[in-house]
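In the two complexes that follow, chain A is the common piece, with chain B as its partner first and chain C second.
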Partner chain A sequence: MNKLIKKQGSNICFGVIAVVLAVMPLLYSAGLMNSSTVLFLGKCTAFAIAAMGIDLIWGYTGILSLGHGLYFALGGYAMAMYLKLQSTGGKITDFMHTGGLTELPLAWKPFLNLPLSLIMVIVVPAAVSGVIGYFIFKSRVKGVYFSIISQALTWAAYSIFIALSPYTNGNVGITEIKSIFGSIKGESNKSRMFLLFYVALAVMIGVYALCKFLVGRKFGKLLIAIRDGENRTYFSGYKVSSYKTFVYVLSAVIAAVAGAVFVNFNGSITPSQMTISYSITMVIWVAIGGRGTIIGAVIGAFLINLCEYNLSSGAMVEIWQYIIGAVFCITILFFKGGIVGFVKDQLPEMIASRKNKKAKTEKASAEKVKA
Partner chain B sequence: MAQFISTLFNGLSLSSIILLTSIGLAVTFGLMRVINMAHGEFVMIGAYMTYVTQQIFAAVFPESVRDIYYIVSIPVAFGTAFLLGSLLERFVIQRLYGREIDSLLATWGISLILQQAARSIFGTQGVNVTAPSFLQGGVTVGGCTFSYNRIFIMFMVLLCLFIVWIIMYKSNFGKQMRAVMQNRPMAQCMGINSRKVDNITFALGSGLAGIAGCSVALLGSIDSTVGQSYIVNSFMAVVLGGVGKLAGTVLGSTIIGSASIFTENYTSSTIAKAIVLLIVIVFLQKRPQGLFVIKSRSLDE
Partner chain C sequence: MKKVSLRKIAALAASMAMFAMTLAGCGSTASDSGASSDGTTSAAAASGDDTVKVGLLHSLTGSMAISEKAVRDAEVLAIDEINSAGGVLGKQIVYVEEDGASEPSTFATKAEKLVDSEKVATVFGCWTSSSRKAVKPVFEDYNALLWYPVQYEGMEQSPNIVYTGAAPNQQIVPAIEYLLDKGYKKFFLLGSDYVFPRTANMIITAQVQAAGGEVVGEEYADMDQTDFAAIISKIEAAQPEIIINTLNGTGNVSFFKQMAEKNYTSAEYPTMSFSIAEEEVATIGADILKGHMVSWNYYETTDTPENKAFVEAYKAKFGESRVTSDPAEAAYDAVYLWKAACEKAGSFDVDAVREAIAGGDISFNAPEGTVTINGTNQHLTKPVRIGEIRDDGLIYEVYSTPTAVDPDPYLTTYDWAVEAGIQPIE
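Now for the complex of A and B:
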């Protein structure tokens, strides 16, 4: 039994999370929960997907990207553009009118039909991250230099995105959109909301399975090798830059899928998801949950967002920022493995050392009695 | 011609602002290898300290001597940032030497806390500092206007650079500092208290950010995100110049600042900055270590 938990602990944990999530809509039907909570859990599912991508690149490969918000937003915008065109019936939108456009811009044309839009959700971020990753990793930019450059890239992309407001609606973003299955708000659309929720859940399970599949084999070991000794991996004959580029693209695509799921629940997307601080927020989830474990990313994303959801209303808004800042800082300083690492490594160690101490004192007292 | 000169002036002015926020980074990132994401918040602290000094002067002193507040605010801002930096090093950074990426993340947590603290104390609305009368207005030469506060900022940058240069290369402490950063165990063997050197160096970098805050306060309204808007450019300036070289940072900021202003002639200012950053990133593909490279045979440099 103990062995099973040790070996399959993360899968069991993920199974529990998935089952609990699957039950939520039923609770809502039974009247034990309100619809906004279910919608919020849907968003959390999207966050968990994005966090798993971050865990692949940061937790396993050791590359800290401060720009995954960009890919999250690209996926989100691709989805939102399709949904927006659905609600306008393929006509040009209000903000394009205001921006002085008279017909649908070329960039928006592919989003008129669904399959093409879904392909764009994946292709656009993959292309962007592929080009960036290829060049940056080829010239062996690594460590913090990569983080700083990705930060500058994100900022540049964000400013350009806002400046192109006739096409993107600038700061406001794309708003007033329904989900991919139609409106999900209100009692009458309950079945659609459930459908969407279960689709999101299925995507999350799929991404989890993919990540676990990848890290469970030689590929995963290689990623860890790159993290712990990049030069040694080079010397062993592996083309590290290709691996890095691949992981970067993969995590960008995962983030984009997460963005697309998020838009469906949120009903809008704004450039604030594209910022550096949003990108680091995603890293915070992974750090607190536990880096390099996949399950840690899921736990972190759900836990922090649920806390924020419950705490950041009313007077707690101010305190929340202090809490998250302090918890994040302390996690980085003292609990490198986050929650999962603590439960898996530090806790058993503490228990073992306490047991040892106890045994020693007992032994000592027994010897004393003998003497 | 007049147009060109005023563009050049604006370029130099922007460069000097970027440089002022980068000098501190050049010390903490370049010498200590700590990525201080809270550096922008130290700029913010400096700016708020200027505001606080102004409020105190307005309440206590008569009208005639109020303008002195700005002169007083510079040491106040430096001192506050220096103290907070020293505390930060003592409790957080100290545990992060050699863990660059973790230092980035931990200081981000600190920056969240500092930003929220600023919002709790000063509110979410931006506050404004009125420039002292001797910095208002400007001088007009041949059709170009040079505003006094921008000229003042340039002088302040030169002064800061000079002081940092003196500290780093001419003083006894600077010698110890460079020794510790280059070879820590050997420096310790020579009897240098490396803990103390670390602490003062980091505090110095933070204090310089505080001074940058003083000049930022002259340029626009101050709110909790004021530091964030400078931090991206400053980091890029340090990386472009080459980490660990003061001269590199000067060159890096000048290039980014002037290029932004010259590009601005053709497009809007944010797009210009974005384009310049993209060009810098492309350039860094050719020279990942920046303009000035410290030669080293170590593999992982």
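Now for the complex of A and C:
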């Protein structure tokens, strides 16, 4: 039993999370849960997906990207544009009209069609991250320099999206869209909401399985090798830059998928999802959950977002950010492995040392009695 | 050894406490929902004992917090006043606050939480257009009611939003008319790069050209731009008679300070601003801004008995150093207008309240003068005032429209706007 938990602990934990999530719509049907809570959990599912991608690149490969918000938003915008064009019936949108455009710009034409849009959700971020990753990793930019470049790129993309307001609606973003299955709000659209929720859940399970599959084999060991000793990995004959580029592209695509899922629940996408601070928030989810574990990313994303959701109202409406900040500081100072690391490593250690101590004192007292 | 374990225990206790708090939060929402999940939003809100629940949805953290707190405070003031005068339909107002965190997606999530989980009767909230656009579908899908208290760019009319700030024809259009009457011909348009300045400048360009004036330049600054040297040199080159300023937030501080560094005052380059109210004057400094013009519906100096009482109550509650401003006043009006609509409807039900509003006779003797909700577009009929900033940091009225102006969010009653095609597509 103990062995099973040790070996399969994260899978069991993920299974529990998935089952709890799967039950939520049923609770809503039974009147024990609000639809807004279910929709919020849907958004959290998207965040968890993005966090797993960041765990792959940061937790396993040791590349700290502070710009994954860019890919999250690219996926989000691609999905949102399809949904927006659905609601306008393929005609140009109101913001394009206000911006002086008379017909749909060529760049948005592919988004008239669902399969093509879904392909674009993956292809666009993959292409962007592929080009960036290829040049950065080939020239062996690493560590803090990579982090700075990733921030700068995100900032640049953010500025471009704001500046191209006839095409992207500037800082308002793409709003007033329904989900891919139609409207999901309200009692009458319950079945659609459930469908969307379970699709999101399935995507999350799929991404989890993919990540676990990848890190469970030689590939995963290589990523860890790159993290812990990049030069040694080079000397062992591996082309580190290709691996890094691959992981970067993969995590970018995962973030984009998350963005596309998020848009369906949120009903809008704005450039604020593309900011540096939003990208850092995603890294914080992983840090608090526990990096390099995949399951930690999921736990962190859910826990932090639920905390924010529940704390940022009522009595704590003005101080909640301090609380979240305190949690982050405590985690970094005392629990380097995040929540997962604490449960997996620090807690057993503490128990063991306590046991040892007890045994020692018992032994000592026994010896005393003898004497 | 001992020290380490103590630290560990302290950290553990702290994180446990955080976790418990989160759980408590979850628990309370779940239990709320269990009690009232079968009723409709408003019926459940009204079915409580002697209270009616309303939501306040503003950014209390993040970059917009500084502006939105003033609006939130005005709403709280109105709620307190109404409660001490006996409440609405015999019920005391209880407010639930949610933080939008200056992030449109958070606004959408929180709006959903308020109308669906908290079952509030109505919501007062938002400031930026992006946050309003993000929450609009939520209010429409759940058939809830939002009171939006800030002047904005128009081109919108949701049956689930009441707009208590000015539409473009109640702020921008009269201001340009005033300037044209005063003989200004060469206009320079300067704004932050987002939807309000872009739409405002589109309207202004059409209006100025129709009147035979000339737009000699149009420049946009990034939201957090602090260096205006390039823009100022473009202004110098264009030699405008008047600068129309739609900069927002920190941009204003940098722009006016850098103009002042070049010793440009309102005499050389007069400006007409649409986003500078008393709060901003206090930040930028009256010495720099004196002589410049602004256009709003309300100033702290507006001379009505209602305003005297409002300013006194606001300062008494939040401190002598606080100033009232147009958005704060519009937010204050919103609460009273909601009360009037509920009383006319005889219920808190959203449909009944909307029906009462559609009658077109919900009005309130506001600090700015009497305001009435237009039954068709749910904007307010309100007076327009051109003001001038003086040494004491207050804004004084130099012109006001003879009568209150009816709202026209799509500018359909203005020939030049119709000709220029300033209409959103269907």
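We adopt the following convention: the second predicted complex is superposed on the first by the 369 of 371 C-alpha atoms of A that agree within 3 Å, B and C clash if a C-alpha of one lies under 4 Å from a C-alpha of the other, contacts with A are read in each partner's own complex, and residues count from 1 in each chain.
One rule holds for everything that comes next: contacts are C-beta pairs under 8 Å (C-beta built on N, C-alpha and C of every residue); 3 or more make two chains touch, one makes a residue touch a chain.
In this text the structure is predicted, and so the values were computed from the model without any measurement.
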| item | value |
| --- | --- |
| Partner chain in contact with A:333 - chain B first, chain C second, else both or neither | both |
| Contacts of A:136 with chain B and chain C, given as first, second, both or neither | first |
| Partner chain(s) touched by A:163 [first = chain B, second = chain C, both, neither] | both |
| First (chain B), second (chain C), both or neither touched by A:12 | neither |
| Which superposed partner A:364 touches (first chain B, second chain C, both, neither) | neither |
| Touched partner set for A:23, first chain B, second chain C, both or neither | neither |
| Which partner, chain B or chain C, touches more chain A residues | C |
| Which superposed partner A:273 touches (first chain B, second chain C, both, neither) | second |
| Which of chain B and chain C A:151 touches, first, second, both or neither | first |
| Touched partner set for A:303, first chain B, second chain C, both or neither | second |
| Chain A residues contacted in one complex by chain B, in the other by chain C | 159, 162-163, 318, 321, 326-327, 333 |
| Interface residues, chain B side, partner chain A - complex | 35, 92, 95-96, 100-102, 104-106, 108-113, 115-117, 119-120, 228, 232, 235-236, 239, 268, 270-271, 273-275, 277-278, 280-281, 284-286, 288, 299-300 |
| Touching residues (chain side chain A, partner chain C) in the complex | 31-37, 39-40, 43, 91-92, 94-95, 97-99, 159, 162-163, 165, 169-173, 175-177, 183, 185-186, 266-270, 272-273, 303, 306-307, 309-314, 317-318, 320-321, 323, 326-327, 330-331, 333-335, 350 |
| Residues on chain A engaged by chain B in the complex (per definition of touch) | 62, 64, 135-136, 138-141, 143-145, 147-149, 151-153, 155-157, 159-160, 162-163, 231, 276-277, 280, 283-284, 287, 318, 321-322, 324-329, 332-333, 336 |
| Residue numbers on chain C that touch chain A, as the complex places them | 7-8, 11, 14-15, 18, 21-22, 24-26, 29-30, 33-34, 37-38, 60-61, 96-99, 101, 103-106, 108-110, 112-113, 115-117, 129-130, 133-134, 136-138, 141-142, 155, 193-195, 198-199, 202, 222-223, 424-425 |
